[in-house]
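In the two assemblies presented below, chain A is common to both, partnered first by chain B and then by chain C.
Right, the complex of A and B next:
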């Protein structure tokens, strides 16, 4: 098995990066701007070119994160159990069960909990109050009305506290805004809007190894850089195949490897891979030419002319393909030859 | 022991193993590269923590790619 594998390996010195870039870029031009959306989730998940740019730019927050939670056998085949699970992870903020009011004169915040909504969600008022008190200890409760005062009494902190309270998480898993059950080939699974890998992985009902999220940054945080690399390949592949474009995975693997080589996800472009090239000329040739040239001349930097771009600029053979080969001579053999020639003379 | 999964089981996470020092030497000789030339992995990486790797360790990663099974090496770095 090893020989056929070795035969398919790429030749030393092949410019794989450029080939990968062109192989992804060319079909990218044909991508339709029309964005399809996943069936089932009311929120639109960006696909196509916008999504591709999002992945390659390594944005901190994905536009519309989503998760597919596959369940253990007993839950996957039981609609009621699956629905109960979906409801239990759906996150709820204080703003959706209560009405917040800021009183700027007395610098107080009054929270009126909507009893009916709370009941619908299966929440006790005392539970909610407990969660509020965990954040602000000096809250006073009167039936379903909670009043509290921020520690420092200026208007800015009042507003800040009220925003914090509105986003206060009272039920379910944080960051998950909605959860719905769908039927897949292996029974029911839950699709969520919003993503929280770490918390959902702790749950017992789920099929942990199959848990999927489209938030690459979160994969990096909870499952490590190697998982993030796999996620990048998976996501780009999905974007391309959804548009019916056929790009070899090896190009995507190379791209993902390049983005993850430093141990954390780096974007492609000015602030990422291209902006951190070692050669000054290579950086200057990409973007912000003057900035790089001026900075380099101020600091007296040196360019060793190792890369491809630098050598194109000065008109030398580029270190690609046969140009990669350098001549090395063994000095000892050289001396012997000289000695031999002297003898012959 | 090599070939044993000591970390989280997930379809995105490939097998991570700490390479013993002698093995790491062999890999460096094979690639004719110093330790600093290898791809990096942060010591804060969740999988690194789970297998208990230290800064300077080489980690062997057995990836199950769409093409075939590939072996990749990373060196643990301080973040």
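Right, the complex of A and C next:
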């Protein structure tokens, strides 16, 4: 069994990086500007080139996260139960059930809870008040109006507090703005706008191993770097296959490996992989030439000429492919001579 | 959420003024109650000749604005006015125009024809294409439906049978065709010019083509074209040409190129001089290259010149002030600065012109003519966006022939037709064939030209098959070709992309001063850039040695002396005949091969105040 596996191994000195880059890049030029839509999700999830850039840039935010939550049998086959679950995880912020007003003169914040909306969402006013009080104890309640008198007298911090309150999560799972049930091949599943792996994983109703999110950063945070690597491969593959492009996964795996090798996700580009290349010349050749040269001179760095770019610049064979081959053995005569010299020393 | 609804911003309603704003040439001059009426009054005044026919009015109902435009620079075009569903250009009027009793200006003055600008057309015109289609609602009618097309399109035959992308291409290419661009080309000194030998007016002409009298200075020839493959030499938009036809001057042209130079004046009273340079002049060329020059240093007309031959002998004062010689007075050492025929060009000196430049200097222009015979690589195109490059000049005896012995001038590939949908090309071939037989021109005006069935009837009348196909015989084997082959006569243009003016090779040649890398461009006998992506490919192959050869060996390889002690670049003192490091005076030096660009990089790094060292190590 090991022989066929060994036969498929790439040879030493093969320029896998370049080949991967070309293999992804070439079909990438054919990517259409057409965008595909997810049924049911109102927000447009970026696909195609924008999404690819997003993944490769390892952005922290600025995208539309989404989750597919698959359910255990009894939920997946029962619309009622599935719906109830979906509703239970849909997150709600204070701003969506209440109206906040800062009074800069008296330095108070008044929160008027909309009773109707709260009722619709199945929330008791007392519950909301409790959550508010958890954040700031100094709150007085009068029917559906809560008044806060924070200690700070600073106007700016008052505003900041107000914003914090607005984003205060009062119900469901934080960061999940909406959840809807969809029918899949294995019964109902829940698709959410927004993602919160850690919290959703705690729920009993879900089919844990099938849980999906498109938020790579979150995968890294909750499941670790290996999972993040797989997520990167999966996401890129998704983008490419959606455009009808056929790229061998192993190229994507190499890309993901390169991004995750350091233990955290690194972007491709100036602030990530390319900016952290070993060689000074290689970095200088990429972007911000002066910056790299000056920093290198300040630190008294030395370029060991290990990489490809450096060797092209100075005009040597590159340590890839045929350039990697070196003569290891020395003639016995030379060896003896050397030994003699050593002795003499 | 509920409260948010209350917070909705109040929208300020901007009510439209109930009066119409009137603008003259974009400037607001006032308001008027009834804009529509004002427009009609103004327009009628113009039609009656009370206002200049060059003014235009546009009333926008939506914004209640009336624009009066009288300024220059507006694009305007004429229409025939329609009133109550009837064209004002009546039958009687047409008769009068024919007799010459009524002129164009009369038609404008009487309001039969009016010019509209884009604004007025947008707001008020509803134009019928022809008289027949006029209804009660129409306000104007086209003078001729052809005028919908522009100048270039309207000269193309059977455009309505072609796909739009090909029409676009045909337009672009007809502007590149060689013909007789000017009848006084003989005395003109254009920097580059082409003249087609034996130009022919096309057999298929459009009405505007005739109106423009394009046929008097045509740009093309009518060729017998067969649509078939020919031993693979017309694959992928290549065409096969009949060698014997080419020898009979088919599609032959002359290329004129004018070289010019003047006697420039330099600060310090010095001046260039046209003369036959003497061997003492610095930079004196081979004597052979001056052979055609007359005493005045200017070449004699009708002399045959080759690349690098001198056209005008010119000497210039030295670039720098001459050193004072031992004898006190500086010896005048002049510099050779002649105008020579460019590399890769040759020809015959057509004419020489002596004049004065704008700054009053003596000016010489030399026009060199060369005959360009069609050769593989030259570009040809029909007027249907069907372009191709000559792939082979086939001897006539090897080409397919018809029963009557007709051999095509050109063979194009059948694959060029279906996907491009240039049915007009096929139609012109049939039409051209019919025209050849009956001796009449084909009317190929869009939408109103001769019809396909007419050509077919004609062909049948002259004993051809109605669809234009013929039985051909293989010129090489003499066997009958199984398939019937479509053969016809169509107008082809020679385009000014001639290989002889473009081809370029380099195996060695000049390098740039700064980088020691090969120069760029054909004019400088340059190399072809081996760019970043090409580089990536070689890396991808792992072709390390080949990459080194491209980037170093065949580019800017140099050997530099490196000081082993301090890592800086050492020098060679020619006077003392000694190699040493200028920094630490060490003589422990090594010769290292590196790219000159890298040496330059090191110098530039030094110039920003960083000292780079090269630490040497023996090759493992």
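Simple rule for what comes next: the second predicted complex is superposed on the first by the 328 of 345 C-alpha atoms of A that agree within 3 Å, B and C clash if a C-alpha of one lies under 4 Å from a C-alpha of the other, contacts with A are read in each partner's own complex, and residues count from 1 in each chain.
Here is the rule we use: a contact is a pair of C-beta atoms (placed from the backbone, for glycine too) under 8 Å apart; a residue touches a chain by one contact, two chains touch by 3 or more.
What you see is a predicted model; the values in this text were computed from it and never measured.
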- Of the partners chain B and chain C, which touch A:262 in the superposed model: first, second, both, neither? first
- Message: Once chain A of both complexes is superposed, is A:227 in touch with chain B (first), chain C (second), both, or neither?
- Response: first
- Classify the contacts of A:208 with the two partner chains as first (chain B alone), second (chain C alone), both, or neither. first
- Message: Quick check for you: in the superposed arrangement, does A:242 touch first (chain B), second (chain C), both or neither?
- Response: neither
- Item | Touching partner for A:321 - first (chain B), second (chain C), both, neither | second
- Query: Between chain B (first) and chain C (second), which does A:15 come into contact with in this model arrangement: first, second, both, or neither?
  - Reply: second
- Message: If we overlay the two complexes on their shared chain A, which of chain B and chain C does A:129 touch? Say first, second, both or neither.
- Response: neither
- Item | Contacting residues of chain C [partner chain A, same complex] | 1-3, 535-537, 539-545, 547-548, 551-552, 557, 593-595, 597-598, 601, 605, 608, 610-611, 615, 620
- Query: How about chain A: which of its residues touch chain C in the complex?
  - Reply: 13-15, 18-19, 21-22, 96-99, 112, 114, 116-117, 290, 293-294, 297, 302, 308, 312-324, 326-327
- Message: Going by the contact rule set out above, which residues of chain B touch chain A in the complex?
- Response: 8-14, 16, 39-42, 45-48, 61, 63, 65-68, 72, 74, 77, 79
- Seen from chain A, its contact residues with chain B in the complex are 5, 201, 208-212, 219, 221-228, 230-231, 233-234, 249-250, 253, 257, 260-264
